[in-house]
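Next, two complexes with chain A in common: one pairs it with chain B, the other with chain C.
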Partner chain A sequence: MTAAAAVAPRGLARIRPRLRRREAVLLVLVYVVLAVGGLSLGMTRTGEATVAGWQLLVTYGLALAFVHLAQTLAGRRTDQVLLPAVGMLGGLGLLVMIRLPQDLVTQDVGSLELGLAELQTLWLCLGLGVVGVLAVAVRSDTWLRMYKYTWAFAGLALLALTFVFGIDQGGARLTLVVGPFSGQPSELLKVILVVFLAGYLAEYRPLLASERTTLGPVRLPPLPYLAPMLAMVALGMGVVVVQRDLGAALLFYVVFLAMLYIATGRAAWVGLGVALGAIAAVALFLAFPHVRDRVSVWLDPFADPLGAGFQIVQALHAFARGGLFGVGLGAGLPEIAGRLPVPAVHTDFPLAAIGEEMGLATVLGVLGLYLVVLERGLRIAAAAADPFRTLLAAGLALVVGVQALVIAGGDLRIIPLTGITLPFVSYGGSSILANALVAGLLLALSDRGIEPPPPPRTRGPIMRALRGRGT
Partner chain B sequence: MSARDPGMGHSITRTMLAAVLAVVVVGAGATWWQVVDAQRLTSSPDDAANIAAGRRVVRGVIRDRDGRTLAASRRDENGEPYRVYPGEAMSGVIGYASRRYGSAGIERTFDAELTGVRDPDPIQDILDHLDPSRRTKGNELHTSLSLPLQRLAVAQLGKDAGAIVMLDPRTGEVLVDASTPTYDPNLIADPTADPDYFASLREDPAAPLLPRATLGLYTPGSVFKIVTAIAALGSGAITPETRYAEQPPAEKTGLLVDGYRVRDGHHDFTQPEPLALAEATEVSCNIFYALAGLATGGAELVAWAASLGFGAPIPYDLPTETSQVTDGSGNAPGGFVDRVELANAAYGQGEVIVTPIQMALVAAAVANDGVIMRPRVVTAVVSPDGSVSPRPAEVWLRPFGLDVARPVREAMTLAVEGEYGPLFTSGAKVPGVLTAGKSGTAEIGGDGEPHSWFIGFAPADDPQVAIAVVVENGGSGASRAAPIAGRMMRAFFAQAAK
Partner chain C sequence: MDPFVLALWAVRLSLVALIWLFLFAVVRVLLRDVRRAAAEPGAELGRLVVVASPDAQPPVGARFPIDAVTTIGRDLASTVVIGDAFASLEHAVVTYRGRAWFIEDRGSTNGTYVNGSLVDGVVPLAVGDEIQVGRVRLRLDRGRR
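Showing the complex of A and B:
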């Protein structure tokens, strides 16, 4: 033993660097795509062989490498595909932000005025920091497991705060402003929801999977346990009513049903959930004009191509102009009177920008990347040591996958358009940081070296309360 | 592993399969828009790339039949082109092309030609697509429209809402396609004009942006009797000599059809002799036409109307609404609810709704011996280098022959030239020219004044022009539409004589 090792602190002595070859190779692939994309954009812009926004791309690349190195040095045995997949999505998003007009979003930081791509780089680097810290430092899930009701109340408090202090933007109350900071609470709420549901479902899944109630031909679990489900429908509708945020409501509800199905293995639950969801959807359709507007624009956007249907019609035109391989980065999105053809392209329609300039091939690639993220997450779930971790990992992966499908489906007029972000790709601090939280937790959960779960508890506080006595 | 019970692996696999399925659906959606439906979207005038090209490319001039400018381009202080128009008269047909508000009318349907996105020469078209910078100037459009006649039409309609369509039945060339109220396309196209103007047009309850001649749907009233006459003669349900003994007594009591009374009673002077087709048309006898319609039957009436262009949009140079004989909600033959609806439809009430251009084509069909030429406004596309691609006359429909055309033409001539006809078509006659026509007073229910209609053609023995006039809430056909049609046709012949 050398002298240097001898003086090293006791705790660090056990950590041995572990090569992550697969991750390194995949990250090189990401770098190649970013370099080619930047070069392509630079050549379109200047006609010379320059890389557009190279400082930003290099910064982002370094941040990715940092997360890779941190995990390598920490010797964690975490998943090696997740970081490159998420990194590729973030990188494609960054290329789009570099390509878009920089004054779409500006913010003064001290004496600096930062534009769209600079801010997105900042968010991505902060996000990767979150991923790195969680992947390296989280070695126990007790803090999530033991306090599920605390998390639930935190989520409800967040919702209440948004209702009281939220700012209406574009007909939706999505933004919460606290001092100099503003954010979209529903992005954080989705992570809290998954943590709560994982805890709740892990505890009650044996009961939920049993069949004690028959409703005609339908055999259902004991009715008292329908309560949380109805509460979830109420929460979903609450989100729509309070925040006018249809996308988040749909996301929460679909993720809830999927986790319920994974926990119980009962398709009847899903059937019942879909039926209740459909009834709620009809009620919302009848009660709220903004829901009706969304649906009628979805059914026939070409009826009013200059008015209500403008955004989606222009997005569909953008997809159409792209064709199979795109018109090339920087060569599309023709401006009309100095304005981009698709409003909110950086938040709601980055997929349309990708579709126009990089083609159907890249759109399918992006969809494939979400499938990869989902597959890795579900793989981590299947290999997890106990039901809580299984449900947590599955829920986290689903939150990303379902959100991507909801907004991609809206962009492509498969379902009504809702204003949620494309995870890791869209511009926005709340979205990037919340999804980084998801990716970081998934990485931490993927490590087989994580602390073993505590012995399972069969009855929780609600059960004890229901029965009127402790165990 | 031991703590995990075996159930969840299975449901996780199924969840993954569901996700793969969802991604396949979304991917199929992307493929639809980016490949399958891409051509339609990228050649549309709403496409941002085409709008952007429109800022650079100088749109071609649009001219009337005598070479007068109907739309031209000017450059603003930034050197970007914008459109100018000779006043409001052509607003319903030529429309507008604006950087800010998109386009309408011929400016919209011929956007690709006017901006040069589509070249009439296919080889040139491919070259242009390979190198878009070649395109700096669009093609010129030559039309069959007449600016002075169109201005007269708009002036005749005055403050009333309405439409006038005038065309050459021998060629399908449209001379007048007027809709009122008009709007000033200059105030939409000019980049320095007040932006509130377009918003005020969109919100105006009088709907000036609606091109009534092609997209307006009206109850036709008695002008529809010409369609019934064609169907009844064509199907063999009546001959020109058919008379109904029950017709004269029904003039007083009403004609009882399944418990409902079809009323008439506005031509007491013809009693007591039963009327044949020509006299019944001359005095616009509802009872005769109700009986002829019932004899023809619902299925035949709908089929004959379809042979005249009803039931589908017209292949015109502008989008058209679909004219109908019935809304098809019933189970009786042809989609009528019952014989009462059929009897009412036969004289243009019930659920009959028509576009003015469709009724002009009905008149043109009779005028042109049962051959309907495809109506068109644009007669030629002229490329910047001067090469002309004509859009020649072509036959659209051949619904009937001389055996039908001749008696209907005689009936319509009697309706203008006969002893009693002028009571219903006063002012339609062109002095010195044998004129044919039919007026209509379309009851619209409620307290509203009826729509005033006239369709016709002249000269009756050698037709050169066919016309349809509708004045919304204009009262009886004789009071508003017939004199307007007479003045329009008179102006046509005066101009032709020059």
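Showing the complex of A and C:
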């Protein structure tokens, strides 16, 4: 008996299906929510007990089940909460897309003309495919760890391409068009930036944590070792600012400060960073008229309710109409004079649509789901085997959490509105795929069977610098 | 009242209720995880794992959960007892100060090495570093939470 087991190839012997009961239970709850949501929309629309867009909901449900089954069959011991939480956010987003007018976005694929919800289903399924592949196939993080500069330059090159070949859309040059495909590289750049920062900070952490540069009585961080990282961050953010993608710039900066704090544990640096950020914000305010517009609209949207403040005023009215439990899916205010009450509702303001039709209770629920994703990410970070994985997991979770915070705050007029997407909920291929990358990497990092980290380096400039310190 | 309107009303409220039910189910799983992690014995700051030990005292693979101050040496009163002829009685001390690990050689005869370089004074230690005491090599790992 034992001889037969020993003969089996090692790779195959290790693959043993493992039940994921908690994930299955939570996924069933997601299915129930999707079914009831579809029913609610169908009843409002047709006046009969039908489920609106059931083909799309079933397709999405099958894609979720596929990721669950792939991990079960491969016997992965990954986190069991992340997929249902992300799946719920994606599902709520899909319900909103099914409800919105389908001609907001259309694309011809061959002879087929796909509408908003169909395209979103397509992107969600592709995204879930990415999640499944990453969760099952990633057994080692060397490909991220060793090539951090390669990734960083690839990301910046992508941004530079947008400069040259990008097209203007709504005053910001964000969209890169290659043949039939178009995408927003800044979404992908946020993932690449986290990978680079995790690699860099993990390597230089011992040096950064030991303050050596002193300027009179002021103890400064070891500037020579911070310079490459600061240059990279400044370059990335500068490009993003010039492209007028202020939401992404804010996101990058907050995540950078948070990761620096996690790596070094020095609150003073974060204070310094926040002060520098405030100065930069004032400079941007003075330098760019569109930043001034954003701030004045935020301070008083009702000054010009039909012009600059139109979007935010309509969003606030939508939230107010919704009340505590919403007016019901599909029962929200129809189009006014052929256009939607809230412009760009499918990308920047899905939260307003949720707030109007499903109420404050659901908005709070959605924010709770982002907290859950953040908690899982930080827990994965705390349990990680080495600093690189800790920083990577924490950074990835923070990217999702901070992005949700920035756009939700903008939608609710708590901070100035910056046009970024609500992760997993908003319409958009780049957004869905980039956030799927985040979810997939987090799942892979949470696997307790993942390859152990490589031994630390014993040679090289960092160890030499550290050794020089000891004497 | 029209039964259809009533049914629609029930459906759309149950949608909100179900979303919250899902959130509570998730939070229950999270709470269970947190409780289980807290109930696990041996909340330790870090651990030393024996990587190489010619005399098998301690054996390779042995794990020592360590606290803020850990003495390493041949002395039986040490936190980590090294049964190696090349180790001194009071060989080295590993400390955890605030947020970082440090190691100090306690005037041992054969010296303490971190990742192959001789320790002189107090030297910072990172998770994953290898300490050599006598002929025994230990790796500093993260503790279990």
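We adopt the following convention: the second predicted complex is superposed on the first by the 426 of 471 C-alpha atoms of A that agree within 3 Å, B and C clash if a C-alpha of one lies under 4 Å from a C-alpha of the other, contacts with A are read in each partner's own complex, and residues count from 1 in each chain.
Simple rule for what comes next: a residue touches a chain if its C-beta (ideal position, glycine included) is under 8 Å from a C-beta of that chain, and two chains touch if they have at least 3 such contacts.
In this text, all values refer to a predicted model and were calculated from it rather than measured experimentally.
Asker: By the touch definition at the top of the document, which applies to A:His317: first (chain B), second (chain C), both, or neither?
Answerer: In the superposed model, A:His317 contacts chain B only, not chain C.
Asker: Can A:Leu445 be said to touch chain B (first), chain C (second), both, or neither?
Answerer: The answer is neither, since A:Leu445 touches no partner chain.
Asker: Considering only touches as defined above, state whether A:Glu375 meets chain B (first), chain C (second), both or neither.
Answerer: Both partners.
Asker: Considering only touches as defined above, state whether A:Cys125 meets chain B (first), chain C (second), both or neither.
Answerer: The answer is neither, since A:Cys125 touches no partner chain.
Asker: Let me test your reading of the model: by the given contact rule, A:Met88 touches which partner, first (chain B), second (chain C), both or neither?
Answerer: second
Asker: Is A:Val36 contacted by the first partner chain B, the second partner chain C, both or neither?
Answerer: A:Val36: touches chain C, not chain B.
Asker: Name the contact category of A:Met97: first (chain B only), second (chain C only), both, or neither.
Answerer: A:Met97: touches no partner chain.
Asker: Looking at the overlay, what does A:Gly365 touch: chain B (first), chain C (second), both, or neither?
Answerer: Only chain C is touched by A:Gly365; chain B is not.
Asker: Output check: A:Thr44 vs chain B and chain C. Expected answer is one of first, second, both, neither. What do you get?
Answerer: In the superposed model, A:Thr44 contacts chain C only, not chain B.
Asker: Could you pull out which residues of chain A sit against chain B in one structure and against chain C in the other?
Answerer: Residues 209, 265, 359, 368, 375, 382, 385-387, 453, 456, which sit in both footprints.
Asker: Applying the document's contact rule, which stretches of chain B touch chain A when the two form their complex?
Answerer: Per the touch definition, chain B meets chain A at residues 1, 3-5, 7-12, 14-16, 18-20, 22-23, 25-27, 29-35, 37-38, 40-42, 44, 46-49, 51-53, 55, 99-102.
Asker: In the complex formed with chain C, which residues of chain A make contact?
Answerer: It comes out as residues 22, 25-26, 29-30, 32-33, 36-37, 39-40, 43-44, 47, 49, 80-81, 84-85, 88, 92, 205-206, 209-210, 265, 325-326, 328-329, 358-359, 361-362, 365, 368-369, 372, 375-376, 379, 382-383, 385-387, 453, 455-458, 463, 466-467, 470-471.
Asker: Going by the contact rule at the top, pick out the chain C residues touching chain A in the complex.
Answerer: Its residues touching chain A are 4, 7-9, 11-16, 18-23, 25-27, 29-30, 33, 98-100, 115-117, 119-124, 126-130, 142, 145.
Asker: Within the complex, which stretch of chain A touches chain B?
Answerer: That would be residues 209, 258, 261-265, 305-306, 313-314, 316-324, 333-337, 341, 355, 359-360, 363-364, 367-368, 370-371, 374-375, 378, 381-382, 384-387, 390, 394, 398, 401, 405, 408-409, 412-414, 453, 456 of chain A.
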